[in-house]
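The structure under discussion is supplied below as structure tokens; questions concerning it will follow.
Order of writing sets the labels: A, B, C and D. Residues in every chain begin at 1.
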Amino acid sequence: MVDAAVTSSSSPFTRKDVLLSMRGMRAGFTTDDGFVRAVDGVSFDVQRGEVLAIVGESGSGKSVTAMSILGLQPTLEIAEGEILWKGTDLLTMSEDDRRAVRGKEIAMIFQDPLTALNPVHTVGRQIGEMARIHEGLDKKQARERAVEMLDLVGIPEPRKRADMYPHEFSGGMRQRAMIAMAITCKPDLLIADEPTTALDVTVQAQVLEVLVDIKDEIDSAIILITHDLGVVAGLANRVLVMYAGRSIEVGTTDEIFYETRHPYTLGLLASLPRLDDAGDEALVPIVGSPPSLIRKPSGCAFHPRCRFARVPGNCQTDDPALRLVAGDAHMAACHYAEELSGVTVESLRSMIDFEAEAARIDDTLPAEPLEPEDESEYEAALRDVAIAEAAAHPGVMDRGVRDRGGRDGSEWPAQPEDPRDGEVAP
Amino acid sequence: MTLADPATTAATDSSHEPGGPDELGASRPFRADVWRRFRRNRLAMVGLTMMVVLVLVAIFAPLIAPYGITERTAGSARQSPSLDHLFGTDDIGRDVFSRVVYGARVSLRIGILATAISMVIGLILGSLSGFFGGISDTLIMRVTDVFLAIPYIVLAVAIATVLGRSENAIIIILGLTGWLGIARIVRASFLSLKRLEYVEAATALGFSRRRIIARHILPNALQPIIIYGTIAIGSVILAEAALSFVGVGPQEPTPAWGAMVNAGRGRLTNAPHMLFFPGAAIFVTVLSFVFIGDGLRDALDPKLK
Amino acid sequence: MRRQRRSLKLLALIMGLSLVAGACGSDDDEGSDEGSDEAAQEEGVQGGELVDLGTFAQGPPEHIDPGINTTSDGWQVGGSLYDGLAETDFSDPENPETVPVVAESWEVNDDATEFVFTIREGLKFSDGEDVLPSSFVRGWERASDPEFAGDYSYLFTFIEGGAEKLDGEADTISGVEADDDAMTLTVTLAEPYANFPAVAGFQTFMPMPSAVDELDDQSEWERGIMIGNGPFIMAEPANDQEIVLEPNPEWDGTQYDESLELPEQPYLDTLRFVIGSDLDTAYNAFEAGEGDVTNFAPGRYQEAQDNYETTIDTPFLGAYYFMFNDRNEIVGGPENKLLRQAISQAIDREDINTDVYEGSRTTATGITPPGIPGMEEGLCDYCEYDPDAAEEAYQEWLAEGNELTEPLPIQFNADAGHEPVVQIIIDNLAAIGIEAESVSIPSEDYFGQLAEGACVFCRVGWLADYPTYDNFTFDIFGTEALDGNNYGYSNPEFDELVAEAKATTDIDEASELFRQAEQVLLNDDIGVVPINWYNGQQVYNGDKVAHLFEEPTGHVVWETVSLTG
Amino acid sequence: MPSYIIRRLLQIIPTVFVALSFLFFIFFLLPGEPARLIAGGAERNVDPGVLERIEERYGLDDPVLVQFGNYWQRTIQWDLGDSYLTRESVNEMLGEKAVASLRLAIWAIIIEIIVGIAVGLLSAIRRYSIGDRLTTILTAAASALPVFVLGFVLQYLFAVQPNKWDWPEWARLRTSGIGPDTWTFFFIPTGEQWRYLILPAITLASVTTALLARMTRGSMLEVLRADYMRTARSKGLGEREVVLKHGLRNAMLPVVTLIGIDFGTAIGAAVLTETTFNWPGLGSQIVTSVQQRDLPVLLGFTLSVVLAYALVNLIVDLSYAWFDPRIRLGKGDHG
């Protein structure tokens, strides 16, 4: 494949002060059905102080990409590629060296703070542990540090809170605690995996704000993994869009939002509800479901769902390479990227016959594959309800039914207290 | 948020099995999926094979056993294994191999029926307790407390004194003393499942409680129960040995494995085959159930992979 | 007398009732000549400790106080702590004899109703108190106190006024009189009984020191250090782990009749009875060197013999048999004699002995075992395995218009090791066309149910309390047999012969009458199917124990036991 | 917390009451007359006069309800009566035997916890390794081998054989008995004592150890995949610390519950073990007493077992709360 070539040494990404550089990463999992190519030739750089957003649907490989940096998925098999951290390949490092990087230089903020925090230890202890591991603080000092960190992320009464357990925190507070934990050692890079997804809409903004403030405070780079372009807009400098394990469009935030060069990105944008919209403007869903990563469609992996695909044509036969399409660093992997110049979300919307679309949705939706293992009949029904809702308000569809156990693909059952599943808010 | 018409929702075809587990692969029927995963587990398949062999042995015992269970040769007591008597002979010259073969019938019957009784009692009481809570919960839990607190061997001896000693009595004894753990597990599953949204939603939609229990909670609680059950069968077969030890086991000439082990326990040094072969039969049975139970758990719960 | 006990202990015995039995005493006698060859002649040294694992291998004794004890294991201790008026001398096992011990002699009147015992002078209890005729009265009144009385208290009904005492109608037994000055004890019997001295030597009739009078509750006696007049004293109160005995300094074996050949003091310094809970564990403990003597389960006979040359298989005064209920419609009455004959002849007693008991028992040819004076072997006409004759008899019985509509129930007490025997009998009967089934009844209820008439064809075992022929006839088959021990057998002819024999003082004449009675039972009525006679099952550590002798009652004469250097 | 404990202790009362009353009435349903047993007449017939006297002495001729009332009246004053069989005071018997049982149980629990958890943990961490497979097979074997058979085998291997091989005295374990009964700090065997303790303790622990290992393994397997374990790894903790500091306590939650539920199994094992090794505890006595209808002993011993059960469950619940801060004591029932 050709992606790897794009981020060769001549790539515009390999400029000054690169912290992390992922090169030609191919990795996946062996399953009963075959090898899942979760990351299929991804390359990118992260520079000191920047915020890189990796965007995609669930199953696009964005989380796996992030996880591979810290090596947190023992079952992940890395086929090829390298991950240079300050010039050293993390993948060939000794386990001890790599452990020294974890937490101290690269820290992680997980999606669901309720399950990501250990329920049997106090929040203070879990935060302090970071300092104890990497800075050798004693118990008391560690606690002081934890209190300090909690204060920093804006948790009131940090001294009291430090002695409480995660379940005694509200969702937003938990995520703040999670952030506090991640920044304890002032890491150079923060990887935030869907940091706000599990939170109520009202809290999301607050948490993002904390994240931005912190970034300024400790001057670290951030890799923000999200499916939510709304989050990206306010936070990221640059955006990497992933689909089916590939990076399909890369550029600055403005480039991605306003000079979109890939139909998929355009689709994502069109399905995004806008708070400033009058409300009568219909949202446009991306129909169909993400492709199997075991048996990818031929040609462009996106072509079965693409409104602009030429079928039959090279979309079906040739896999488009990621290539420079505009400016000095705006790249996209579409044979017809140039033709998209000028197509905006608004114009896209006006193109669509919604009634025909609705009929099409009815046909395609039952294939929705995201249900959990032992889903009961009734839950299936509830899911159908959610899907119906989503069809009426497509903007939330991705979220409403997205990875309900989606960490590694299929974990289930969810914790009973897990709030994510039910959020089918309009 | 508008929910779909409850009637329609409820009418969703119950035969519709949810699709495959992963968002990556194609969907396929749930049962087939479990079976596929089960089949890939080597130990589970070993267990299943052993189980099938045991069941076949039980069914075809008369064809396999060279002698009858009471058939004896005078003057040939406690002979070591030979071609005539593969597992040797017992205290009065009966063929141990034949008795072990016929014993598969008795011991499997005891194991399965007693576990079934425990299951029924445990399921009913556990679900009542877990779902309704309140007084019925307190009451049922107090009762299980009482029964857990009274050493089961004491109960067993007492029941045996009333019922006499027969295979059926053993089944009843073990069934009546074995439901406590199941009731607690069911109750615990119910407590956690009850809080899941779909159950809450079903409640909100006004479904009858019986329906919710039967169609929504029980199927989900089944998994731990099935696993517990497979392990319970093994321990029931073993408990039969303990009952024999305290003198309330099945009586002669019933070729129950536990009773045979008990009869052979004083023969460790002079006729170890009397102890070894029925003991090995219990071991193989317990092991097969354990393997199957483990395999089932893994297959039903793929996140453990 | 007494049915064998103890088998009901938790784990019961694996096989058969091994040693166990109601016992009668005889302690100091010594088997210096005959006895078992293994018991060797060598005199051991004075001193040392002997650990016994067998006596209480299956659980602690219910009692060790001879006044209420009923079991042979308890008597191993009780008999070492107390000496009675008389004892049975087993030095000639064929012809045991009742000999005086604490009594110097006794006299009996002509109709065997009054006995005058003269007590030896100078004997003392371990606390220094003199043993006087009144000590016996004290012991007897105590053992017959209705508030305290144990199972064997019925023996006092042999004495005039004993029944009234037991019923609470009298405060004392009128038929007993002590004269401490003359050192005589005069006993008047309720009925003539020539063998009374054998009974008077039994454990229930031990003397007691005045210390017992100080107790509010007599059952406390055995929980403290019992004061006795026997060769041993208790080193400490009995506990649930062990009972430890030491020589009684006040005892002197040479004061007794010389024919008893007792030592001046017991050889052992310490006699330790370990209390166990399982016979196989006890045998393991023995093999592990944790003790010096033990009993073993019948199925280990061969193994023990192979590994040790020191097994003891003293023939016991006991029989293992099955009974027919004469009143039962299926098997009882003269009309079913052929069926009973068929059953008896169909049973392969030799096979039972070899397969189940590894040849450790003696195949019975009658009901009364060797060792009972007057007994003769081979009295039974139908006790030999003869399947052809059995089948013939069965066919004849059928031809008379009888039939078995249901399988013949073979009843036995559960978990005492009888299952294999019953299985063999079922197999034997099947061979001649009789269908039978095993019916096990919990030990706790078994004999009670039999006594209430439930017996059809039921297993019984009997061990003599004292070696008399009447103990094997009157007490278990007589119409008046105590507590309904006959389980339905009753024949006036038998009763008359036994009564006549009991009142006969000439031993040969009496024996002949007893044998006639036994033949009525065995051959005329076929009321009982003897299977075998018990033998002892003990093994000791030959490297350590120099001399150990087990009496036919299962009692070991501990004061004659000695160790090698 | 203290109020919770008090409330839980009060809850024991109805359990004790129902359990003992239940056994009391069961006893009267059983065939066979107690008086006959008291007379030692289990295997023979007893003179009716003797039976009458005994019935009167023990109040067995009173109506059942009167006996029931009397029983509770005495029990409330902690007067458990005398054994029908040996006429010994049940209070005294209980004192001695409960202590012996407790000592054995303590060691069995120590073995169980150390071995069971360690094996379960290793097995989970090295899943599908040879060690894991071996553990699966061994734990199945341990739960397939009757306790009494294991006991005999151990006796044979570690006591009988060493004697035959003439091993030095100290290297031979003992088959039976409690031995010198010398202990330091109540439960630490002193002097020769360990040679008596070790085999029964292992035997008693065998069944529950196997169960615990299996439970720990299953529970740990789930915990290993928990999000917070990944978080812990992301902090740069070593695998060992991740497992021990973050995994173990979480994995213990379901295991602790099991300990409470499996109390009955443990008592069953204790009955067989104590009998096999002649350990003078409650276990063997309690079955003998039900077989022999020795009501005072049966009820007295059951009372102590029920109390022990309640206590164990209280401890389980308290430790459960310690293991899992999400559990708030005093709210709702422990179940």
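By definition in this document, a contact is a pair of C-beta atoms (placed from the backbone, for glycine too) under 8 Å apart; a residue touches a chain by one contact, two chains touch by 3 or more.
Note that this is a predicted model, so its numbers are computed, not measured.
**Q** B-D versus B-C: which has more C-beta pairs touching?
**A** Most contacts of the two pairs: B-D.
**Q** Could you tell me which chain lies farthest from chain D when each chain's centre is the average position of its Cα atoms?
**A** Of all the other chains, the one whose centre lies farthest from chain D is A.
**Q** Approximately how many whole Å separate the CA-defined centres of chain B and chain C?
**A** 49
**Q** Nearest whole angstrom, what separates the Cα centre of chain B from the Cα centre of chain D?
**A** Between these chains, centre-to-centre, one finds 23 Å.
**Q** Would you kindly tell me how far, in whole Å, the mean C-alpha position of chain D lies from that of chain A?
**A** Centres of chain A and chain D (C-alpha means) sit 53 Å apart.
**Q** Quick one: report the Å distance separating chain C from chain D, using the average Cα coordinate of each chain.
**A** From the centre of chain C to the centre of chain D is 39 Å.
**Q** Going by the touch rule set out above, which residues of chain B reach two or more other chains?
**A** 161, 245-247, 265, 269, 303, in rising order.
**Q** When you check chain D against every other chain, which residues touch at least two of them?
**A** Within chain D, residues 31, 152, 156, 225, 287, 291 contact more than one other chain.
**Q** Any chance you could list the residues of chain A touching two or more other chains?
**A** Within chain A, residues 411 contact more than one other chain.
**Q** State which pairs of chains touch, listing all of them.
**A** A-B, A-D, B-C, B-D, C-D
**Q** Mind listing the chain A positions that touch chain B in their complex?
**A** 31-33, 36, 58-59, 290, 292-294, 367, 369-382, 384-385, 388-389, 403, 405-406, 409-413, 416-417, 421-422, 424-426
**Q** List the residues on chain D that touch chain C in their complex, please.
**A** My answer: residues 31-33, 36-37, 39-47, 49-50, 53, 57, 85-88, 96-97, 151-152, 155-156, 159-160, 162-164, 172, 174-178, 181, 274-278, 280, 284, 287-288, 291-293.
**Q** Applying the document's contact rule, which stretches of chain D touch chain B when the two form their complex?
**A** The touching residues are 14-15, 18-19, 22-23, 26-27, 29-31, 133, 136-137, 139-141, 143-149, 152-153, 156, 214, 218, 221-222, 225, 257, 261-264, 267-268, 271-272, 286-287, 290-291, 298, 302, 305-306, 309-310, 313, 333, 335.
**Q** In their complex, what parts of chain C are in touch with chain D?
**A** Answer in residue numbers: 2-5, 7-11, 59-60, 62-63, 70, 146-147, 149-151, 153-154, 166-168, 219, 223, 239-242, 274-278, 280-282, 284-285, 287-290, 413, 442-448, 451, 482-485.
**Q** Going by the contact rule at the top, pick out the chain B residues touching chain D in the complex.
**A** It comes out as residues 43, 137-138, 141-143, 145-146, 148-154, 157-158, 161-162, 180-181, 184, 187-188, 191, 234-235, 238-239, 241-242, 245-247, 258, 261-262, 265, 268-269, 275, 279, 282-283, 285-287, 290-291, 294, 297, 303-304.
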